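Okay, so subunit A shows up in both of these, paired with subunit B first and subunit C after.
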Partner chain A sequence: MGSGRWSTNIYAAAAAYRARTGADPFDHDHLMRTTRARGTWVAHPTLDPSGVTVREARDSDEHPASLPIAVLFDVTGSMGAVPRALQRKLPQLFGLLQRRGYVEHPQILFGAIGDATCDEVPLQVGQFESDNRMDTQLGNILLEGGGGGQKTESYELAAYFMARHTALDSLTKRGKRGYLFLVGDEMNYPRVYARGSHAPATGWVSAARRGVAEIIGDTLAEDIPIEAIYAEVKRMYDVYFILPGAAFYGGDQQVLGHWRGLLGQNVIELDDLDAVCETIALAVGLGESAIDLDSGLADLADIGSEAGASVGKALATVGANRATVTTSAAPPGLSDPADNSRAIERI
Partner chain B sequence: MRHTIVVDLGFGDAGKGTVVDWLASPAAAAVGLADPPVAVVRFNGGAQAGHNVVAPDGRHHTFAQFGSATLHGIPTVLSRYMLVQPIALAAEATGLRRLGVPDPFGLLSVDIDALLTTPYHAAVNRALERSRGNAAHGSCGMGIGETVAYALAHPGDAPCVGDCIDRSLLKRRLEWLRDWADARLAELSPAGVVRRLPTASDLADAYGSFASRVNFSDSAALGRLARSGRLIFEGAQGVLLDESYGFHPHTTWSRTTFANALELLGSTGVDVDDQRQALRIGVSRTYATRHGAGPFVTEDSRLRPLLQEPHNGTDHWQGAFRVGHLDLVGLRYAVDCCGGIDALAMTHLDRAEALAQTNPGELRVAQAWELPEDGGLVPRLPVAPGPHSAHQDGQLTALARQARPVLVEQPTDWAGLLMHELAAPMLVESRGPTWADKSRATRAPLVA
Partner chain C sequence: MRVAAGPITDFAAAANVLDRASDPRDVFGPLPPDGDLSAALRTYRRLARLVHPDLAPDRRRAEHLFIHLGCLHEQYMQLAHTGGRLVVRTGGGPLTVGPLLAQGDVTNVYSAELRGRSVAWKVARHPRDNDLLENEAHGLRRLAAEGDPRFAAYVPVLLDAPIHRDSHTDIVRRTTVLERLDGFVTLGHVSNAFVRGLNPRDAAWMWRRMLIALGYAHHTGIVHGAVVPEHVLIEPEQHGLMLIDWCYSVDTASIPDARITALVTARKSMYPPEVAARMPATPATDIYMASRVIALLLRDRAPQPMRAFLAGCTSLNPGARPQNAWALLLELDELLKRLYGPRRFRPFRLPDGVLRTGRPAPTEPTAAAGQ
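Our next item is the complex of A and B:
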């Protein structure tokens, strides 16, 4: 019988669901690795930021109050097995947000971050999707596994793209920021470079740094300091940095300090990758006031890992931080109209 | 919008799949259904369904959870009344992919409130059926009944489709279910039997992958779909196996009448009393069949070698495929239980017509049942007033057990006989497995 009525192999079933077209679960990565020399790898066309005008998170009849949530993760070598684990876990994020009632109309974008100094594909950005089927976007991500040895990756390029190349109805129509989660274990380069440079910028003799002009196609008059680009992207998104304990620089104080300088308390150390969806969902749930920390932590404890405690601690400060933000006036640098309306709404 | 609902007026296997396949084909334009359907909606049962569809190019698939119009590329909605079995669903998708359906999961949406049938339910089902010995109920061994029973006994705790994306909740519910199954198996199985149930964690992983691969649906999504085009509601099993109207205990744990489909359609704003909006189609073969144990008044073992099934054989759990004469008593009863039908579809006309040539007089029709010791004739069975009523005490089953069929010769005009007996127009006649083998009946109503 061709129907499979009697199949009981749960492992085969899981693999069948993960296989997008019956081949490797992560097709594009597999394709690049098996058919091309490393130096010729390219991003999947759906994730290539080059020439992209804007990634849109729009309201629709079906989703009248879209809430954009972007998750971009570092895919360089220092992350070890983390990117592959994320690729496996993150598809559940959409459903989790909906199922737990944290967000009614999430629109989720996935992307990947590399190193513009030595990677072929330093930035990959998908689309905002309002569908529980996240496998396709994630499956197209190339896990290059490159990067240099200098504890910096091109996170600032991702921040630049999200600030300048996304359009959020939630913000323009309803004054509501989206959420941006960066998952990684290293620091930003000091600036968003306008153009590339053939000078060895990082000590790698062969390194040829690329800039916004080469990677995205924008013409910038000058470089943008990371403080400025993060200030800009924070006007559109609540930005979080998640540092997985399993990564090479997990727990690194210099890295943590760097990110706290940029994002304040929105820096989360995550010991257990199994909890990544729950952690992101919980941060959003707290941000949306859809859940209080105690019940959120009870959910986390159910996963049965150590993550509950550390994530709970991190999110406790995140929650406390948010409370002060909502009751204080916007800092001078952030007082554009959209920002004001957002501050009002959050009260 | 003309939605159609396809229900089997017997014990199942009448050919619902092939009728759905036809309704989704270009040939349905002959009865005014020219626009392709936007989806097939499954509204009862679960993975135990076995709806055979053969394409004109020879491809064959036994549809269990996917809708029978999948080979036309029509999406499937598993409604909240479905019992979803993700493990079997994955295997079915693999089979469909081999038949050239490029992305079967992409064609699927599953209601978040649909219950999950798990390997735990199946293990209990099989142990239970084994423990019944000769008094087996005719269960298909997949745990359908256990799924419903567990959900009734543990309201709010039974794992459902939406849980699959919340791993911690799902795992907890699977652990409770596994404990329940373990306890039941300990009661049912002889000492020393080793039970190998998968861990809740492994199962939760598989279900998590399922949840990130198929699209989720809910009543709002179904409403949007119903407004965007026509839907085909594909029933499973048959009215004579209905949980309330069937021959207890040889019944299935679901409503096999139009009831679920009408509820789903009604909630989308369709006027289900208007047959121009919702057409209720009853399907019957030219002879009766039954898979599994239970009363079967018109069963005739002499017919079995004459009417062999290409796709329905003996299986371990349900036993042989049983064959008998067309039973007008059962058909009248089925129509009464449904509260009437709007149209008929008749299948296997080719088999009856061929048999009339090769073995004249063998295939007959039961006009009534006859009770022993001058107990009189039974032309019609009383319909139970509601669920869980008199029929479930086994009276109907006892009656059927002692009844003998009153057989008359097979008609030359099958469609005419059925239309006359069941007071409904004939929509389509089937003389072969593919949609191209079906013809609009000469007296078919145009339903546009």
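Our next item is the complex of A and C:
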């Protein structure tokens, strides 16, 4: 997946079509809401994680140095109007990355996160794409708006999927991790549950919880603690959590503390939702050492964006402890990435 | 590859030269013995004109070539100033890279100099093993920050962990900069030198020190994860011991139920079953492996009580093994006292010709096992 050079014109044409026909850009969501009872909602087939082996971000002749960037956002009720705003804003991310020159060959995946204790569709994950198909994917995300009342959603399922069900050429060929942005306002459940059970009788939630077996179809011997699954996914991605100020738990210290425990300084509080693409782009630019924060903010001001203050505040702590990359010729005797001889075995 | 021969007069020829250049000398020729860099500067200017993005036919491609040329020229100047040695900029200052010292399972270890200090620069040979170098940096940082400083000598000193990007291929590799360990011998080499087995009295001090090193790590929540003979260095004269290669280590304090993610194929038979079974790593994992190392050194020279002691440390069930290396050390001391009386220093002599780290090989020019 992921081949095909993005053409801004195609996206513009799609947008024009939508404007002309008045069709809801969020087709799948619209379909579910208008034609089905809530208890029977399903994920769009292109976003259903069930039975997926891997989502791939591969190098190709067209994109020889792919850089995977995944954005998964919480679509439960506490997020309020945020998910719909994200659906509207995120199509601009690709073009923005390209225009800034922070990344030459981004491959972007979108997905959505719900609550496995009570939602019909607790996880939706698209493909890594480098063309306007990612826009279609966003449109196919179901904004279920469910969730429970315990300040926890199933982010850990998303982390599990990204750790165990994605394959990144950037990492295996070039040692380069991808980027994973989780946008939400609550905490993880304490474990990735191997299989379903009846939820503990806390709060008003009484629905049965589903696990990895039911949602993805994997057989796990036992549950995985969230610290372990985040350690695993951080080996593949630089992982960021974005907490929008406009969400119900915006600014919540317990939520922020929970995520800082898992991700350190990569926790971003975002006041201005309109700046979400700029924030993600700049976080990637900082990560790629393509730019420093001050020049990035100056870039934003140059193009007349008012997002500067919000982005600057959001990213002030990110990168403070980042190890810098030093570039030079390589010392002699290092392997060719195609060399598969191994003195160790991966478990 | 030397491609500087013949005049390069158009964009295509310049692009061809730059595309294929991995070393600045491929473009600018051998370093001038008299230090005169004017020829290199002329080459640089000529190429810069040919691939300048404002003048070249293919602007996008030219931008890449122009940047690559700039990097190569800068590297060439650096090489000229350091007598042909590679210099890598790190947060702690420039690292001047020397010859390959050793090769580990997944790393190359280069002799290097940092602020006048002799160091070892350990680089992931393949980028897919970057996570292992990160494990090492994390484990050693935790030990330095939170371990009991009285036992810090049992593990290598981490000076820095720079991330390196190859300017030619863009491959990113994780690295660690460690204090040099010279004059040590790996237990792999010790084992090979004593084919009929080591005297148990000599193995005793190695065993005791291994348990001290493990207890030091375990009290900080770090499990080493690969206690194999090649990862244990001894200093024979002073009975020194160091546990090296923390690439497989896991931080059980931060991550409950942490798993070891890779094992050394050549020593697969020395691992307890929980590792391949992806069960959580615990101090008992290290204790099992350390016991197997001692058993390997002793071969069949261990007296019966010692064999029984080792059997009691190598149950296949991790829950049935000792869980605390320092508590086990007290038990071991009891055993040694029963067998050999009160402890006293027993000089240990290695047979001639056993390879030591950082020293020329006495017999054949192969590198020592890596750090």
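Things worth noting here:
Please note the rule applied: the second predicted complex is superposed on the first by the 278 of 347 C-alpha atoms of A that agree within 3 Å, B and C clash if a C-alpha of one lies under 4 Å from a C-alpha of the other, contacts with A are read in each partner's own complex, and residues count from 1 in each chain.
As a convention for this text, contacts are C-beta pairs under 8 Å (C-beta built on N, C-alpha and C of every residue); 3 or more make two chains touch, one makes a residue touch a chain.
From a predicted model like this one, the values you see are computed outputs, not experimental measurements.
Of the two partner chains placed by the overlay, only subunit C lies in contact with A:Lys173; subunit B stays clear of it. When both complexes are overlaid on chain A, the residue A:Pro91 reaches subunit B alone and has no touch with subunit C. Looking at the shared chain after the overlay, A:Glu278 reaches subunit B, while subunit C stays out of its contact range.
In the superposition on chain A, contact is made by A:Ala228 with subunit C only, not with subunit B. In the superposition on chain A, A:Ala65 contacts subunit C only, with no contact to subunit B. With both structures placed on the common chain, the touch criterion links A:Asp131 to subunit B but leaves subunit C unconnected. Touch criterion not met for A:Val54: it reaches neither subunit B nor subunit C.
Shared-chain residue A:Arg99: touches subunit B; no touch with subunit C. Of all residues in subunit A, those touching subunit C in their complex are 65, 171-176, 221, 224-225, 227-228, 231, 235, 323-335, 337, 339, 342-347. By the touch criterion given at the top, residues 1-18, 21-22, 62, 91-92, 94-96, 98-100, 131-135, 277-278, 299-300, 302-304 of subunit A touch subunit B in their complex. Within the complex formed with subunit A, the residues of subunit B that make contact are 47-48, 50, 60-64, 86-95, 97-99, 102-103, 105, 112, 119, 122, 142, 162-169, 171-172, 198, 202-203, 205-206, 208-216, 224, 311.
Within the complex formed with subunit A, the residues of subunit C that make contact are 22-24, 71, 75, 86-91, 97, 100, 103, 105-106, 108, 110, 121, 123-132, 134, 161-174, 254-266, 268, 275-276, 278.
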